[in-house]
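Have a look at this one.
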């Protein structure tokens, strides 16, 4: 499949993330257009489709994917709906960009992985957009070059002003630390083999019952150690910092060092208020790369394997949260398709 | 004029800047397409047009502008060719994005301004792309808010690794300091009323006969003082820094504080290697904003007045370079169209 | 005891640290003089004493302490010799500044503590000189003020260019992490209740058999979590960083942000080469404060309790290194003298 | 003269600076003691002397210098009284540390210089204490090493929260910029040959009639250009920054990068509140070096020539303030004694 013309994308899910991707494809990304939107809420789908020339609203997945204007699928529905959408796309052999998580647990992620494996070629890119962030990309290329020797540790900080209502301990793992799970695996090129969670006394600003902040500890297949301060109710801003400790040097990305102000006895700058501001460019770049690769008939970026491994580590993380123990991560053997 | 469909752009000039704008419109910007390219070198125009669907190559300005597929004009030819292209576009009442400088001298800039004034509405946006840089935008909004009181001084640093062969003292003003001339006028909302140039002993790394580095001093209509270190053969990278000194605080943008590395007794980061890396996003944003405004039938951004004022200050700057004196800047009265 | 004149100090041990303290008292500190030096190596003692007016060399502890010119004792002999020197000083009821560690293990530290307790008043200040470092002092006062809410975590980095020959895993705890043990207890005002050690694959630059770097994890009596990256063969310099994570903000001290240089595509500064450069002022301030307090007849600063608690945590740390387990720290009840 | 024992210092003037130097010699500096204090206000002299063992109060300069306990003189009286005190010290051939300015104008400074020249050897160190500041010392050694090529420009910022009542335009030169005059001459090893002053509209926070901030521009004998932002009512803190622009790099000292705090959407640190905090160590080091050199029978540090040159540039600076013109600096030929 080689799309010489504009790529027709079906966007599955028209909630917050879905609507944002519709906007991005329509007004930011070149080489693609929104050919269809799918939502079980017919009214919402119609409302989103109305503003876009040549965009058909659907409530049925299969119908959308059978639409001849649809060349590719972007899945932005809630996690539990991902598996069905992925399998439907695989049936039509359509390229997919699937928002993280691939699916909400390791068992379903493995089913998806097996289904793609049965196709005999990769069709899925998982939406771990940090891999497209300029700072992470520079860090990755520095580590890959080995300029400072092997990487021995990573120190991560993942700070968010406040959690939305209803946020749970498990969501700290599945929605938040999942990003550090992926960046750890990607930056180091190793699987995570064990997880520990240390839980200090919670902040008075964390909602009742939420163990925030916490310290996640990963061990990797190459014996590296990774710590992540997760603080989702820090109040002061959104900060995602990663420092790699190598044999002869360290490198850190993610400090907020843009505009520097001197005033009233203090110097410093603003902290990024949220993930939209921090990673908008990464989202754009992610979708653009996917459009470009798709038009070339190729698949790049995070794969089903990456989605599956993240799901498995998340499950270990949730168990480590509950037990306070070191929890080993178990993975099936990596299929050749993903090597 | 309201373009509901994709905006057809004629790009005038297919040299380095022109080719880059063609690429940007074709692959980065949404809502626009390259409908025509114009170059006196027919072969070069054809070569550029060949890769783009529906793009007609031209050697004649008037023919290109008469092309019904052309809705707007982007002028990226050498400065001396700008006046003719602008007047041709005005004749057809086409919206124009004109690379800086508007024209190479104040007299021709004033002729262009009078021609647009005769149209009775603005058609021209001048390519002072720093106004679209994220750092400058944050600085501008901080100063406009008056958080730290009135702005009293600006300290600029404009550093470039090396000048290309044939660079002259006048080019230091017209090609380099012209950016600080525009950012000064834009950030402060005032005209520049006088210019001085101090010229230290030149660096041994500057080409023979080029007075680099130098210190430019501007006074504004509100009595502010602005200094600019211009160092175009600094060797170590590309650095554009602006610090505003207000009554109760200062704010600085442009330091290179991205990825921070510790290694071999030193800490720090990379310096942006050149203006492409530093301002690529600003260029993209500039063209996108222009496309968007054009499709709405509007004109925004730097105007002919801004282009004319910059040309007038450049002329004063060149005289200040030559004489070592304070040179006053003289401007015609500002037409209502630009107020 | 109130020394209106100059304080006569006996310095026990004239090795590297002892000789440095002799120099400090003789030429940096006001209000004190070196009245005696003690070393089992008579020749070394005499050599050091020779350059200082009115300084008597001794090989016998008791004789030195009986010297009427001696008003106070500074112990800088090797750790195993501390207990005897402390007990001798207690017998004469002399004020003591004792280099860390108080003694090499918790049992002997507890004996010293009991002996001082029997005196009925504090006579000992332990040489945890980080408590006198300007950066740590500012951090401490920020945390004590509670400006950003309660402190929930500390992230420490303790990096050293290289270990001397013969450095062992136990020395990583007793000589290096012991500083973070003390700063943790001092900054947080809590005891450490448990220790874990995570050991990544060692750096190729660490001596064979030394598990460097490593990650130490402390829990405190108030449920705070503290991590310390210990990297004693990092090669690039000496860096001691402490970041406190509070409920509404974080504060970090110890980055090397002095002289900033732009050159050859990089910006940044030098990293402090070693602990002497980093903490010279803290050492001076420590001794000066001790001299001043002593002349006023008072005892301040880290006490025997602090020395004992550090020894107990070190022992837990060594066990945690060996076992990979969480090791709880056990302390005797805190005597009233130290509350 | 070689002082094997403690150096007996007569402190001339017991106002704010004098009392601070008395305290410093008495309690900070080793190797010196305050043998005498001199003040025309007998009561104030007696009050200061009372707390110090062996310190005699005087109202008469000559009597104080004849005191056999006096080995050296520290002049901290108001500037107009310096000449008489210096000449009295020269008569007794006593070493002198003279607070800046050497004298208030170039003519009297030249008389002092001639008097010292007549002695045939240097006796005077001028109190330009920035030469002892750690940051400036590192910058100086970097420039002297020529690592980044020749120095072409300096950018200085000299910011102070507020001026005391009665501060005048001339004091901006003589009390404030005089420090940049000295650091320029010292860092570059060149004389200042011309001065310009640009005066923006004054800050609303400057006292009526005071032209603050202002921009001073120096040219040097080697053709270097130096700019200094002088802002003595900036409100936000005390900041003394110096950036040297060399042929292949720049180096900056004086940013406030100690403790870094994240809180409420901002990151950054405190700005030093005043010159005492910023330069206390430099003052201590200055006096200690002088004591040490004096005890060795030597004279080091800023000389009468440095004091005279600063006075001459200040006079040009005041004229440049008044006229707005470039004012050339004229110096007598440099005597061999100061080469």
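Letters A, B, C and D name the chains as they come in the text, with residue numbers starting at 1 for each one.
Methods note: contacts are C-beta pairs under 8 Å (C-beta built on N, C-alpha and C of every residue); 3 or more make two chains touch, one makes a residue touch a chain.
These are the chains along with the protein names UniProt gives them: A, B, C, D = Inositol 2-dehydrogenase.
From a predicted model like this one, the values you see are computed outputs, not experimental measurements.
The minimum number of touch steps separating chain B (Inositol 2-dehydrogenase) from chain C (Inositol 2-dehydrogenase) is 1.
Chain centres here are C-alpha means, and the one lying farthest from chain B (Inositol 2-dehydrogenase) is C.
Note on chain placement: the centre of chain A (Inositol 2-dehydrogenase) and the centre of chain C (Inositol 2-dehydrogenase) lie 45 Å apart, centres being C-alpha means. Note on chain placement: the centre of chain A (Inositol 2-dehydrogenase) and the centre of chain B (Inositol 2-dehydrogenase) lie 38 Å apart, centres being C-alpha means. In terms of their C-alpha centroids, the spacing between chain A (Inositol 2-dehydrogenase) and chain D (Inositol 2-dehydrogenase) amounts to 59 Å. Shared contact sites, meaning residues of chain A (Inositol 2-dehydrogenase) that touch two or more other chains, fall at 235-236, 248-250, 255, 260-264, 270. By the touch rule above, chain A (Inositol 2-dehydrogenase) contacts chain B (Inositol 2-dehydrogenase) in their complex via residues 26-31, 134-135, 138-139, 142, 147-148, 248-253, 255, 257-264, 270, 281. Remark: chain D (Inositol 2-dehydrogenase) residues 149-150, 152-153, 155, 198-201, 203-205, 213, 215, 217, 219, 222-225, 227, 229, 231, 234-236, 245, 247-250 touch chain B (Inositol 2-dehydrogenase) in the complex. Remark: chain A (Inositol 2-dehydrogenase) residues 235-237, 239, 255-256, 260-271, 273 touch chain D (Inositol 2-dehydrogenase) in the complex.
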